[in-house]
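Note that the chains take the letters A, B, C and D in the order they are written out, and that residue 1 is the start of every chain.
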């Protein structure tokens, strides 16, 4: 990896210069929860506020024009990053809202259709009947599970799910049995945030297409870590968060196929998403405006665009290769410790950089505490994927996740601290 | 001064004395377009000339700012009685002009070349284009009705 | 106003140092759309990212602890600003989402109740029957109108509204006729963003209470401009946006009465709002977490808290007095111009600083353009309150809004530029 | 070192050899509390002592980290067989201790004073309090059932 200079990258991240717990160097292995931000992103956001701050799409004066231009140029840049057209990207506050936007589309289309209210052409695609099926997987983050449970609860649709194999993969055989003629939507993650597993998107898309079901991809853990092209993937919707890819908090993205976005009734309603309004009746703007009610998060969008520039400069292929290297190292070092078990695939093919593990005799919370005392920030708990813990009969896991600013020494520190935890708890 | 460049006398003249404003009784298609940010609106009708099916007759009523009103008046001058191909070429040209992608061509746009200054004010570009987008929408619909009528009479 | 030093305040706002349109001083009279940000707010946000950035409520390591503490301390500070308890404040991306959260509560409670699904105790309050009535006013921002139209569309409830008098006030006489036994919710604005009218909250609350209807106050244009105390107001819900009160974009607030928040099913669902999750069934956390799905906008919340500190240091009484002075001046100077008509109350009692007007013979868009050329940023259009324009038979208005960083000279500049617009268009 | 202060031997000892773990068959109230961020959970039952209606018998089963498990074991030592007033005072005291609002009192908390070090780790305070909150919830419910039974038998 001649092109990959971790030290130079680290210098761009102010927080990595701080110490924790009485002067320890911060070893940040929690990018799966949220990434750190380079100064380029912080500068872009600040520059927007200091020079161009105005309500986007609501003003004709110069700074409103500038703010609107900055917002839309950022949209185009972010769209390009995932191989999309600008107008097919909708900004939300996070991936969670983006997924809810899709699940509520089904709810709203169903209710409006029942009452014979106006719906865009093609909205029938989103109308659910009692007994229609929603398919997810057992490895979903709560963000891609609970919205579908709720949709089922409110419409009489049935939630079904594709199970997992013992080695942490999707059970594709059972997927063929579960996705069927009543399936209206298949929602699944690109990469599991707990197991690290990268799913075979094409295979699920093919099954979904064969029954004309809508596909929703949770790309929270893929877009930040590998080159992603929505056209290649073939899904209908893709959701992800800016804060996990060096961008600011408070900004998420939904990409949707243009003809589907056009066919969708609105979700959150209010200003800037309308065409005409009277007390009696409102008509709605075209996408993406239709789904961006209220004054938008322009500064965050501009910041996310700077994050995209930052990642592009490194190259997503290099990002993925660097992470693969660290993941391999971490798996090797952790698996070598007696009493440590990895939850998730132990080979690095079709696998991302989330490495979850349990230590016999030491609860993950306690493992995390010992690591933290050494300045190593990992996440402990169920990682918002509680069903995965249940599936593998663990109450919780300790999880390390890697990103561009991590290096080999941090993996060594992790493994060494896990041994210390074993010593501390006498196991 | 940029402002005077946008508000040329010819524009203000069209604004104060719009050409062809008022809706025709008969029409093949009617559209109603609005600019949701400011509330400018136009109702535009396209009628297929009974004597020459290639020609499209335009009528409209609108309310809005000087730019959107002047632009509609200019559109009337340029497109009333023209063919779809001619009109579409003009729409493409004015869009390109307002994106500063082409030099304005008076043969295509007539007084519309005076709208060039609007390109400096991105928020106003929508005002200038409102009627042209409405025309295109209506023209396509009108031709569609003709085709379906033909089909029905087949 | 000895305590009010506009020059000192202006020095805190970097953007006010810039020029527009070939070197003109920026006269920013569009704070009603979004306010500018002092460096104290920008510094607070940046400091969070540079020192404490982590996923709030999702980690046990030191920076996650710090991030969580910063987030919750900010919540307490923001709550205190409006006389509320911390746990009764829910963070959203903007006021629009906050209002939708309430309108979707009615939808979700109604649907779950119909299907006999689990609902929190007390949720019956939110269950609508066919023909139940939702009351709004004719002066609502689209954000407090369209969500209720949509709710009516989807439930069979009926939307009714309180009209306006010719002088820009609510018609309280008709309110008494409209709020009745079928009224389930009364949603109204504290201050109209177009007319400037400040409504008599107590009077509407009393009417709503007499029929046991839930009250929802849109406080977007009041919280930034005057001292607001939710307990005194007596409403059930209050929504506002951070970006209009010196805070960052991308952060809104919903305050709700504790017993109502407890009784509400969730709106957006996903991580961090759950209690337990299995594939079959999810239970939900207590408020406010129940309504904050996904990684929260901690940096924005911290920034908003700094904005609150900034406003507290000035004193909201002083803010209101300063604005009243500017509003009086603006109304006087504009009303003195022949051919200019103010849309909204012309006396400053029960009136905020939004001053809308029309100029005979010059379309608002053109007025705005002439003002902009002189560096004066105002908003033109329907201001997301289209029904108000219809009510007063104007296609749109030009609107100036004032805040702490505006001074008398800017009002003079406004009036003088309006005269120039008349000259330019020969009227 | 702060960490050793939290993980005192006495805590680790309770963790490895918990007191009173296992659920009683009979009970007046059962609650199930979880810490949603990490998944720690406890099922706790409160039985009103048939011989002395003022005394509350505690039984529990749980899973979780050392702090939450040790804390439950300590709770058993301190509150099993105690009255509601005594138990509530202990709950108030441990909450206050973990907010650093009071000096720990061994008479009230017994081994629980060793949990003092948890106060330095805000994310762990919930672990330490999980069982105590569950006890309070269950105790109130148990006393409620007794009252309603009494009411019914009236």
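Convention: a contact is a pair of C-beta atoms (placed from the backbone, for glycine too) under 8 Å apart; a residue touches a chain by one contact, two chains touch by 3 or more.
None of the values given here were measured: they were computed from a predicted structure.
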Pair from C-D, B-C or A-B with over half of its contact pairs in common with A-D: B-C
Furthest chain, CA centroid comparison against subunit C: D
Geometric centre distance via CA averages, subunit C-subunit B, whole Å: 38
Cα-centroid distance, subunit A relative to subunit B, in whole angstrom: 44
Inter-centroid spacing, subunit D versus subunit B (mean Cα positions, whole Å): 77
Residues of subunit D engaged with two or more neighbouring chains: 37-38, 121, 124
Subunit C: positions in contact with at least two other chains: 58-60, 64, 274, 276, 365, 369, 380-382, 386
Touch-based graph of the chains, sorted into line, ring, star, complete or other: other
In contact (per the touch rule at the top): chain pairs: A-B, A-C, A-D, B-C, C-D
Subunit B-facing residues of subunit A, complex: 57-60, 64-65, 68-69, 272, 274-276, 285
Subunit D partner contacts - residues on subunit A that touch it in the complex: 21, 363-366, 369-370, 373, 380-382, 386, 389, 395-396, 424-426
Complex contact set, residues of subunit D against subunit C: 34, 36-38, 121-124
For the subunit B and subunit C complex, residues of the former touching the latter: 1-3, 6-7, 12, 37-40, 63-69, 121, 124, 127
Subunit C partner contacts - residues on subunit A that touch it in the complex: 14-15, 18, 20-21, 26, 28, 30, 33-34, 36-37, 42, 45-46, 49-51, 53-55, 58-64, 92-97, 99-100, 107-108, 111-112, 115, 117, 138, 141-147, 149-150, 153-156, 159, 161, 241, 243, 248-252, 266, 268-274, 276-279, 281-282, 293-300, 365, 368-369, 371-372, 376-382, 384, 386-387, 390
